[in-house]
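Consider the two complexes below, in which chain A is the common component and chain B and chain C are the respective partners.
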Partner chain A sequence: MSKALKSFRRAINNANLSRFRFYFQAASFVLLVYGGYLAINIGDQLPTFGCIFTEHRGGSCYLFGLQHQMATPWKSYLSGRGIGILVGLLTFFAFFIVFNKAWCGFACPLGTIQDWLTALRNRFKVRYGNYSEPVFQRLGKIKYILLALLILIPMGMGNSFFGLPKLNHDFGVPFCMICPGRTVLPLFSGDFSQLAIDLSSKTKMIFTALGLLITGIFLAGSFIKKRFFCLFCPMSAFHYIFAKAALLRLSKDGAKCTRCGNCYRACDVGIRAIADDLEHKNIVKDDCMMCFKCVEMCPEEGCLKVKFLGLPIYESTEEGFFKRMQGHNNAK
Partner chain B sequence: MQSDTDKRFARMQKTTGLHLAMETEETLQRLTEFPDNPVSMKYFYDLFHNLYKDGHSLPTAKKVIGTICLQVPDELIYAAGATPMRMCSGAYAYDQVGAEFLPAKSCPVVKATTGMLHLNQSLWGESMASVVVPTTCDQKKKSAEILKEMGYPVYILEMPSSKDSDDARFYWQESVKKFALDLQQITGTKITSSKLQDVIAEMAECSRLFRKLNELRRAKTPLIFGKDIFLVTSAYFVDDMASWRRAVRRLIAELEERNKNDLTITNRQAPRLLLTGSPPIFPNLKVPILVEQAGGIIVADEVCSSNRLLYDTVAYDETNLNDMVPALADRYLKPCTCPCLTPNTDRNRKLEEMVKSHRVEGVVYQAFSGCLPYEMEQKQISNTLTEAGIPMLYLETDYSSEDLGQLSTRIEAFIESIKARRRKN
Partner chain C sequence: MASRQSWITMKRCHLPCCLTVIVALFLTMSVGQAQARRLTPLRLSPAPALNAEKCEQHGAQPVRAAARGGQRRQQGQRPAQESEHRPQPVRTYYFNGHQRLAQIEAFVRRPDGSIIQPTLQLGVKPNLSFPTPFGEGPGHGANNVYLLEQGVEDHVLVVRSAQWLTMHHSCGWGHDHKFDMERTQPQALNTLPLEIIIADLWDSNFHAKVTSGQMLTITALSYGKPLIGAKVQLQTAEKWVKEVVTDKNGSASLQLIRDYYPTKWSDFKRTKRGKFLVTAFYEAEEQGVFKDMEYERVRYITTLPWHYSPARADYSSYGLGLMIGLLGFTFTGGGIYFYRERRKKPYRGISLDE
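After this line comes the complex of A and B, so read on.
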């Protein structure tokens, strides 16, 4: 390796990635929430929560389209609409495969809002909450249930399950109805209309009321618990289906791990495997949002590595760890 | 009129003081006998010379909080305005005093520590605000009760005997939280987040420097003897943090200079060894000195008086006490490889990794007779090392000099066998 490259990599590994992430998140937020004002729109199949209900969005979440498309009668799946579904999925996949779950840690506006709430809590010196491991495991399953429902309910609109009557159109995009993204993100462009209960039908009333309730829980929850909502996010569950194929990876060398637990401490979601799993090389778990705080906090040379196409782009080093930990404090 | 017990005690104090000074001088002499000792080691030689010169006074004017075992979060003590001082003693003179309180077969570290505290109680009583004893091994736990009976303000820091479950982790975090609150009562000083941040950064700098030394020991050219490293880390027990750092920085600079000029401290072909097991604490540097006199060089260690003490650093996520205190707790439990924990497979893994990173050719396992956890863990370690193809020498020893001859024969044979292995390969 040439000297210049070596010192360049050293500078990268010494960098404070969290600070970079903070600005990157803010920029993504502006792009996804206000992109429309700048005539930017990167599409509606994003693997992250830009929201279709935000008028001047710069891109929106694939789950809306997916739910919409799932309300297709069985026989049409093999027709032109089936191609539409496939194209949607492929577009999503193309976006996802490059950045993997870093969409959550670096781009998701809803995630960013949670991080801002965390910063606010920290400023008020309020203690944060955490789950115990068994509770974490149990709650973590909810996202898969939500994912199954957001596919099955629309399917039940276009088709009849077990001879039951088809669901009516008020069941359209059920997850969006309860997603805090729908209620919270439009607020940033001055649109308060989503903060209402739709009384036009019983179904809609229940969904929108539930949506408001969840919005309340989202705001309170993420003030107390870091990345509170992410544990339940069906997008995160959907990601995980494809995560093994992604180009961006987080890898761990178990032999170098001392199980000091710094990474687990730093993990906003609370993934214990990052510290205790010594076997798996690919350490991206379903709840991981690839914020790479674990890499920053790891004091062992090359134990944790962020890799793109197999090439390490950011890795844990002793020097970088001490630089970041000591921060402005300069002990003499 | 002085009673007979008082007289006897005064006599004991005097003779022990003399023995201690002799022991110190003897060890220092053997340490300095080696050729080409780094010039910057003089600081550490002088430190111990002065510490035990006449009597054994506490080297600080501040309120001292004695700690026994490395699981006590020193950062909290500093932040509460006191000075932590590790009390684990390596002195044979104190070991003999301690034998009055503890069974003959108990561990010399515990005996010496108890003996030291007994003998110096009248001297230190005033400035010792507390003696903190984590519930590690049985002998330390029981010695805490003896110290309490002597009249020391003993603080029992409850520690789990396992570290893998979340329950254990949270129990320990609560324990440390309580310790932080109680410390403020003991010292009368509030622990603030900014003070704690400063102390954590200071101690992180100590770790960083220690790791730097560790890295230099990895070099192909042997740059420093293990016996000197153990002196440096023994100094960390008692020295002022800032002066310790300055001295270590000087040492590092000197070693880097030597590395650049390709100056070696010993034979380039000296077998590279790792020392693990019961802690070598000054003045008991018997085994490291024997190993290096016999032509080996200790390039790495896995003991609680050196690597385990200084390797890890607190990593917190938020700058408020609610996060920093549990982070401190984690630092003292999660990476700990003390054999009082079960399971303790991390110790095996750590050794395996160190064997690779420091290109170790043989392991010296020191177990103090009476130190059951290390004696019992010997098998587990030797199995792992056998699998990795690394020979291990198991030495059962204590603080006395009676076994010097026997030890040096065995050590020489071990080093010869490593050289023979090399020739074969």
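After this line comes the complex of A and C, so read on.
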């Protein structure tokens, strides 16, 4: 390896990724919430929460389209509409395969809002909260239940299950109705309309009331618990189905790990396996948002690595760890 | 003798009455004939004309759907209203009637600006149709359909036109044109003598967005230029009518009525579409010859049907929403606070008091 390349890699490994992430998140937020003002529209199959209810968005979440498409009658799955569903899924996959779950850590506007609330809590010097491991494991299953429901409920609109009557159209996009992204993100473009309860039908009333109740819980919860909502996010569960095929990976060399627990303490979501798992090389778990704070906080040379197409692009080093710690202490 | 006198008395009495009746009948017939001569405005619709709107020339057969109340549609028949998210490969629009001697033509201005001529079929169910191929293409967006009829009646050139706006879109084709006003707003056709443009009919997601109580800005254009002093009339299906006159910019504003009051709240339909018809009239003192017939004045009339939904404010509550949100926030915050306070207390062990 040439000297220039070595020094370049050293500079990268010593870099403060969290600072880069902060700016990247801000830029993504502007792009996804205000992109429309610049006539930018990345698409409606994004693996992140750019909300379709935001009028001048630059792109929107795939879950809306997925729920919309799932209301298709069985016979139409094999027609042109089936091709439409497949195209939507492939587009989502094309976006996802490159950055893996880093969409959550670096681009999700709802995640960014949670990080801002965390920063606000730090400013007020309020202690953060965390779940015990059994509670964490139990709560983590909720996102899979939500994912199943957001597929099954729209399916029940287009089809009859077990001879039961079809669900009415007020059940359309059920997850969006309870997602805090729908209520919070439009506020940033001056649209307060999503804060109202829809009283036009019982179903709509229940869904919108539930959505606002969850919004209240989201705001209070995110203030205390870092990345509070990510543990329940069905998009995170959907990501995990494809995560093994993604090009960006987080790998761990168990032989180099001393189980100091720094990575676990740094993890905003609170994934214990990042410290405990010494066997698996691919360490991306279903709750991981690939913020790479664990890599930053790991003092062991090459123990944690961020790889793209198998090539390491950022890895833990002793020098980088101490440099970041020094910068952190100076900032305090 | 007595009977003869009574007959004369009767004759004296009934003669003026009979004359009055005859004159009245004559006048009624004349007015009826004049009314028959006064043309009804041309109107386009996705469903065939109802019995009451039969063709003046042919006299359309009563439509079965109309006989059943005009609400239900027959199997295979197109719905009476379109959806912005249900594209059709071919669009067909029916019109209510046309004059035998008039010149009739139709155009479609596609979203990319190109003009096509639809297939025009005159007869019992006069209609026009044109292809709207699926997928991203020149037809993706707002298509303006025009029907233009010109003819001389009693030395007056009557120019009747009918407009229809249709959104050819499917979410599957993407929303790349969401900020392209050419695609999401109807554009004017500079070759039309009278045209109505209503602002902000769709939002950037191609959803119709006119709601009851909304202030509508309607512009009348003549060959693409603002028309001053044109009468613009809006009539809802509930027969509410309002008429305004266009200003120096060719525009007129009027507020749409809120006329949906179901008896029971459970009958309320958020998606109910109320229909209205905008009609613009204009007369000009122009002399000329049209198809070898002289005329002294020109009368322009055009129609544009549209629809509106109940306003969001009719069925939503910010107060309740904010209260529930605040409730969620307070309970979560309070729960966390009390949970932490509880943990602050020292552990109380069981001690044996001897």
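Things worth noting here:
In this text, the second predicted complex is superposed on the first by the 327 of 332 C-alpha atoms of A that agree within 3 Å, B and C clash if a C-alpha of one lies under 4 Å from a C-alpha of the other, contacts with A are read in each partner's own complex, and residues count from 1 in each chain.
Rule of thumb we're sticking to: a contact is a pair of C-beta atoms (placed from the backbone, for glycine too) under 8 Å apart; a residue touches a chain by one contact, two chains touch by 3 or more.
As the structure is a prediction and not an experimental result, all values here were calculated from the model.
After superposition onto chain A, the partners chain B and chain C occupy separate space and fit alongside each other.
In the overlay built on the shared chain, the residue A:His68 is in contact with chain C alone; chain B does not reach it.
Contacts of A:Lys125 after superposition: chain B is touched, whereas chain C is not reached. In the superposition on chain A, A:Ile42 makes contact with neither chain B nor chain C. With both structures placed on the common chain, the touch criterion links A:Leu213 to chain C but leaves chain B unconnected.
When the shared chain is aligned, chain B comes close enough to touch A:Gly261, but chain C does not. By the document's definition of touching, of the two partners only chain C reaches A:Asp198; chain B does not.
Of the two partner chains placed by superposition, A:Ala273 touches none, neither chain B nor chain C. When the two complexes are overlaid on their common chain A, residue A:Val98 makes contact with neither chain B nor chain C.
For the overlaid pair of complexes, the smallest distance between C-alpha atoms of chain B and those of chain C rounds to 11 Å. According to the touch criterion, the shared surface of chain A, contacted by chain B in one complex and chain C in the other, consists of residues 127. By the touch rule above, chain C contacts chain A in their complex via residues 134, 171-172, 174-176, 178-179, 203-205, 268-270, 312, 315-318, 320-322, 324-333, 336, 340.
Only residues 122, 125-128, 132-133, 255-262, 265-266, 272, 275-276, 278, 293, 297, 299, 318, 321-322, 325-327, 329-332 of chain A touch chain B when the two sit together in their complex. Taken together, the chain B residues at the contact with chain A in this complex read 164, 166, 170, 197-198, 200-202, 204-205, 207-208, 211, 242, 245, 312-320, 322-323, 327, 330-331, 334-335, 346, 349-350, 352-353.
Per the touch definition, chain A reaches chain C in the complex via residues 36, 39, 41, 43-44, 52, 55, 65, 68, 80-81, 84, 87-88, 127, 129, 183, 192-193, 195-201, 204, 208-209, 212-217, 219-221, 223-224.
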